[in-house]
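Everything on this sheet refers to the single structure shown next.
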Amino acid sequence: MILLSSFLLKPINAIFGNKKGRGYFIAGLVIVSIVVLMAIFAPFIAPYNPTAITMDTFSPPCWKHIMGTNRLGQDVFSRIVWGSRIILYVVLLASSLSMVIGIPSGLISGYYGGKLDRILSMVMDSIYAFPALILAIVIAVVLGPSPINAAVAIAFVYVPTYFRMVRGQTLSLKSQLFVEAAKAIGARNREIMFKYILPNLIPTILVVFSLSVADAILTEAGLSFLGLSVTPPTPDWGYDLRVGQAFFLDGYWWLAFFPGLMIMLLAMAFALIGEALNERMTSR
Amino acid sequence: AQNNKVQNKTPVENLQKSNAIVIGVTDKVTDLDPANAYDAFTWEILENTMVGLVKYKPGTLKIEPALAESWEVKNNSTVWIFHLRKGLKFSDGTPLTAKNVVWSIERVMRLKGDPSWLVTDFVKKVVAENNTTVVFYLKHPTSYFLALLTTPPYYPVNPKYNPNKIDSDQTAGGAGPYKIIKFIRGQEIVLEANPYYFGMKPKTKKIIIKFYRDATTMRLALQNGEIDVAWRTLRPSDVLSLEKSNFNVVKVPGTYIRYLCFNVVKKPTSNVLVRKALAAAINRKEIAEMVYRGTVEPLYSLIPNGMWSHLDVFKKYGDGNVKLAQELLEKAGYSKNNPLHIQLWYTPTHYGDTEADLAQMIKTQWERTGMVKVTLKSAEWGTYVDYARKGQMQAYLLGWYPDYLDPDDYTTPFLSSTANSWVGTGFANKTVDTLLKKAQEIPNQNERAKIYEEVQKILADQVPYVPLVQGNLFIVTKPNVHGVVVGPDMVMEYSYLYKVS
Amino acid sequence: MSRGIVQYIILRALMIIPTVLVLYTIVFLFMRVLPGNPILAVVGTKNIPPEQMKHLMHIAGLDKPLYVQYFDYLWQLLHGNFGVTLAFPMGVPVSDYLKLRFPATLELTIWSFTISIIIGLITGTIGAIKKGTIVDTSMRLYSIIAYTLFIPWFGMILQYIFGVWLHVLPTSGRISPNVNLHTITGLYVLDSIITENWPALVSSVKHLILPSLTLGIVLSGAYTRIVRNNMVEVLNQDFIRAYKARGVKDWKITWYALKNAFIPIITLMGLQFAILLGGAILTETTFNWPGMGTFIIDRIEYRDYNAIQGTVVFFAFFVGLISLIVDLIYALLDPRVKY
Amino acid sequence: MELVQVRNLKTYFPVRIGIIDALKRKKLFVRAVDGVSFSIKRGEVFGLIGESGCGKTTLSRSVLRLIEPTEGEVIFNGINILKLNDEEMRKIRKSMQIIFQDPYSSLNPKMKIGEIIAHPLIIHGMDKKEAKEQVLQMLGKVGLTPEKEFYERYPHQLSGGQRQRVAIARAMVLNPEFVVADEAVSMIDVSMRASIIELLEEFRRMYNLSMLFVTHDIAIARLITNRTAVMYLGKIVELSETKTLIDNPLHPYSRALINAAPTISRKKDFKVKIKGEVPNAINPPEGCRLSNRCPFASEICKKEEPELVEVEKGHFVACHMT
Amino acid sequence: MLEVEDLTVYYYTSKGVVRAVEGVSFSISKREWITFVGESGSGKSTVAQAVIRLVPYPGKIQGGKILFNGKNILELNKKEMRKLRGREISMVFQDPMTSLDPLRKIGDQVVEAMTEHGVDEEEAKKRAIKLLKRVNIPEDRIDYYPHQLSGGQRQRVAIAIAAALEPSLIIADEPTTALDVIVQESIMELLQELKNSGTSIMFVTHDISLAFERSDRIAVMYAGKVCELGRSEELVSNPIHPYLKALLDSVPDVHSDKKVKAIPGNPPDLRNPPSGCRFHPRCPFASEICKKEEPELVELEKGHFVACHEVV
């Protein structure tokens, strides 16, 4: 961890110096790294098989099971550790998908304008204005519960976020003098888009990415809370929270508490990173 | 003790409360028209607000007169003649005659709603001889026709019901012990005693039924004092913990069964050895214990415990008999290195939250043989049923609520090759077909019992289905609520409920 | 001028149509591509003869080619008709459900919205005024934490604290079943005030507290953030310093700054409202609130095409309407807007 | 020998209107440039002065076809560039360049200085190594030394004056024949302006460049331009040798403009008062566009638009009163 | 009337302390127009803002005295300061586009400037109309919003507000930089009128020609310090400080054919200003002492102050 942090601090200092937002960034990064490491090294970290049904049910947190066990005698901590894989997988896949679609279409739409732009904007705005969770639920239900389908459903509702951001920025960058300068030296449209406009979008894309990942985590959790993301026994935070919620009132608080806490922490971590990047960008 | 706080709020609230009992349910009232209603809880509402020619004696399987005082059977059980009581009235005071009975039944036949087959499959014609006599002419001899008559499609409905259309929100009801005075979909239904009811006056004048989305909120509501009775369906764990904390828990054996289906046409479950092995690997006791927390009973046949002709035919495979399962799988050509790959399907919401746990449990049990690799799959109800009908699933979980209480309803729909297409196992067996047909026609119960026993043995040999558990019903009430009566048809009779203050 | 406004409203309202069309099309396409249908959900595991299945499919209109179904429904929509339910029960106008469920959602969202705006304005303004101090930092942390709270989890904790532990607030439903309320608008609080039914008022307000607090707090995070950032920006502007240079009182300056900062927030409010509706689904499930969210989830289980399409279209209309209202408020508040 | 000839050039911008007007298909235009003709000789610096919003920038961009003009001709080296297709236009851009007013937004913040200057060369077919060599030379010429160090820097690491030098280097590296400088010094700090002007002057001399020099500061126009045109609301109102124009302005607007310019060299004695401010270019006044502000305006001014006529040799004025 | 002694203002930025103004002293008497000139970043605005105690975050008035009619402004409490602002000293900002509240009618803003200082509503309204007339804004514009006015008109409204209570001092920080010359001319004239009617003007600009035209005295600032101060004709005809000389050489003039010469080098970074005389790295006459010792502002002739080792 010390090694890792010294390795990470260099670039952070390069970006943030001793500016504000650095603390947010580091806090966010630490949580995200922990969860990512958890996901990568799940087999080594998790003390038990997360799906094994045992007779040791409803054990409260203790040394043997630091987060207790659930109704089927599965170790909650092990499920949390393995569950990080699913949520990261779904959310990152979804965000990448929506970026892959949203960014180029926003760029082209904003740069060329015209009819295509108007139609695309209308479709994207319609989806954007609609409650994302509802749409994601409808899509996820129809496609059936699986991580990939959940990712598709989430990706679908986040495409407009990227599209709108990229389109808006493209429009404003398009009117910047350096783009006109590029035209004046005879650069082609493709060159202007990818050499002059896109690099300038990257900081904003990063911010939107972190914030929308934070959001997508909650959407994913919402889907899996409604049982639309994975099929058991695959460990999954949202689903475990939902099942655990039923036992909350019996005093088995650890079943739902820990998954919910993890969802919040992970979403918060990305939000912190996004906030820090945003602050860094706006305070020039 | 906590409840008192809420109860003793204002005198007005208290007064209202003693005259009314609030029941919480997680089911829905789908359709108040008996021509279309076809689910257990809606039938409960219909059976409390309407009544047929005959009914079950409360809490038993015995059929007793209701609107009809007496009846005769003729022509090898194909002609049934019923004599109505005099001076019958609907709950709004409209007189009820044989004509109303015929009109209602013909309406069901005409409208072709979901449960209409309960009439159309059996009744050729129904006639009102005079104001008090109704005659049924059946298509074929039906020994269990009285059981059919207890179901809502045979109930006379108020003439206010739309004659040509399904009338889902019609609250005019029939001639049962209660009438509906308020119905808000998804929120509540309020019943009030019917002053014109011919039978016993209800003990509590007003029944309010509140609908909950899930068991947890319903349970919270009970603990919070918002409802007096938590009825269908609390989670097993909720029942256990409520029992510990001062609530009354009433347990009633149910006639509701859960079972596993195999596709007998498609590989690998087309191999009977595989089916037998998987059946042997299942440990019902463990399921009842771990998944249902002891609130259900293991079931070893499709015909439920306690019904005549029931045989524990699946006991021969044992419970969690890993050894036998391994032997059978080896015989079928599988081994540890060449395991059987199988997909087990379930539907996540239709059978409640425990369904996923049930699937996980079965997966674990099968994999204990070391020779099976199970992939769990799930689909929402609408899709699940489609997959089932098309025979697209290998192994899948279903449940059965009886339409009428007769062994026939637990065998024919599953095993008769002409009647079981809905379930999608592809099971067809000539011997079974003839046996079932015969059992429908002969009136003698002992003779019929023998036939059903034979059928159950074939079932256990062929294993197209593996019966898992039989449900119990739990009603949790506040300590001051009494008079919970639930029949074997799993319908609660609200008129016996009462509260002491 | 006034004629201008009327024309603007009409034209702006017409712009809702494409939005509705887009969403209807998306949902229609997604729902039909995969197996399963509402009739099967109804029939379920019941032993129903094939002819009757066909008959039911015919009644539901599901035996027609897809494009016919698509345009049929569109045609119905044009007549203000959302179709009838196809499952449990069949044939009830979807609009009946909407009439019943929508006020519940509306009531929940209005309260949550109010709560979130109030919290957001207060925390955001405090943060901006105390920019750079520990107070500001804690407001910003509040904003992030609130924003990332997972509704069912947060709701559950509130339920536990106030419902089970302190036992002071009901944890589910809209009103106590023992209270009779004559509904007029479907908004219980409003109805009980109109009918002067005080027990109903107490009961409905009590039922509202936990769900709307849950949703309101979660959504306030976004407002805190944007109010703070806008306020910081506005407070940095020349005209604020100009006010100071004129000796205008501090509280007045804060008020003027807030007014200016509020303008971009209005736009956010429109979008926030959509998020609010999304959050309402989870809130409704957690608190057994009989609104649109729980309705659509119930209907999805049966794949009740018409009900789902109807709900989505209705939501799209509603969201469009909200954004229209937001635009109008914007135009009214900001003298710079031309229409 | 004329390098650039502009004939009756018009550039209109559609006005963004409310959706109501848009649906009524009511179309409004800003007539930013409304029929302008002039020509620039080889090696000449042609000045363009006028108040904010009078269309200077629009005109200069239209001449380079960075904005598509609505009407008119721009003849460069005998070719009407408004008729060229995309590819031909791209080629001809090599010989016509522009330097913008704002040194902060005219450089891509994500490119190194070296890349910024090299890109035009690479676009026009030079290989990277050769380009780098040229760029280093160019950096030296514009005074950004040490060259190697500046090559690797990013724009935000430079001061405004240095950035403008980069912009000049980018424009000059292609060896253009014609350069447009749009307020090239107005955002530079007072003490730095002189050096930038010197630099431009040097390039002009070395390469016999033609230049269109846009400014609102008459003092600067005097410093660098040979001839100057005064623009008002999209039209040229006066055009002449710069010195003649300043010493003997004929148009009332030019007079007001020149008189308003602050000066140290003499105390102002009289003022030609021009009331009010520039009206918007969507509905310019009828007749002479200055008629509503001009103290000398008579009836005819409100009706007829004056033509640009040569009153002395090389001195053109558009005014009924002179 | 106003005496500033040894004013020092620092900005505490995250990248270091910017010593924006250090040891600046000057005075303004009644009916006087004093202009501060200097290149960008020399601290002109900071001085101006300090006088009305509106140095923006993260700036802090580090030391010195600002005596207004004998009272030290820096020692006033919030309420007293508020009363002073607008009534005794008021300010006009650089950008007319942003210095008026876009959401309120200009009339209301003018009226408010008066009612906040105790003038009753009716009276204030009457005076507002007069004021607007005086700055050449037609009466009917009183209900306009700022965006409906042109830049020059807005700046005039800002001046009207500043002049509303007839303060003794109006600070105008580059009020014309964003405007065209013709409009600039009219604004300058307006300020001149105000001066003629008894108000002192503290004017800030970077345009030495503009400074020369109307001011009584000019203070030339370089890197946070005043390097030369005196009557305007005197300064232009007889500049003494090398910086002022260079500055005058570097600006072109409409009516002369003089060649311009750039000042070599770059303005210093005020986080880390040069030692000794801050101009020495760019000064052609700099000697050893200039690198070490800071020159004092001394009165060379009557009313002509210079801070330079070489000339003293």
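Here the chain labels run A, B, C, D and E in written order, and each chain numbers its own residues starting at 1.
Simple rule for what comes next: a residue touches a chain if its C-beta (ideal position, glycine included) is under 8 Å from a C-beta of that chain, and two chains touch if they have at least 3 such contacts.
Here the structure is a predicted model, which is why all the values come from computation and not from measurement.
Set against the C-alpha centre of subunit D, every other chain centre is closer than that of B.
The most distant chain from subunit E, with centres taken as the mean of CA atoms, is B.
Between subunit A and subunit B, the centres computed from C-alpha atoms are 45 Å apart.
Centre-to-centre spacing of subunit A and subunit E amounts to 51 Å, using the average Cα coordinate of each chain. A separation of 38 Å divides the Cα centre of subunit B from that of subunit C.
In subunit E, no residue touches at least two other chains.
Within subunit A, contacts with two or more other chains are made by residues 141, 144, 245, 248-249.
Of all the residues in subunit A, the ones that touch subunit B in their complex are 51-53, 57, 71-72, 141, 144-145, 227, 231-233, 243, 245-250. Subunit C makes touch with subunit E in their complex at residues 131-132, 236-239, 241-249, 252, 256, 259-260, 263, 333-336. Interface residues of subunit D, counted against subunit E in their complex, comprise 51-52, 159, 161, 189-195, 197-198, 216, 218-220, 222-223, 243, 246, 256-258, 260-268, 271, 274, 277-278. Touching subunit D in their complex are the following residues of subunit E: 39-40, 150-153, 180-185, 206-210, 212-213, 236, 246-248, 250-257, 260-263, 266-267. Those residues of subunit C that touch subunit B in the complex are listed here as 34-38, 40-50, 52, 55-56, 87-92, 96-97, 100-101, 159, 163-164, 167, 170-174, 176-179, 199, 285, 287-288, 290, 294-295, 298, 300-303.
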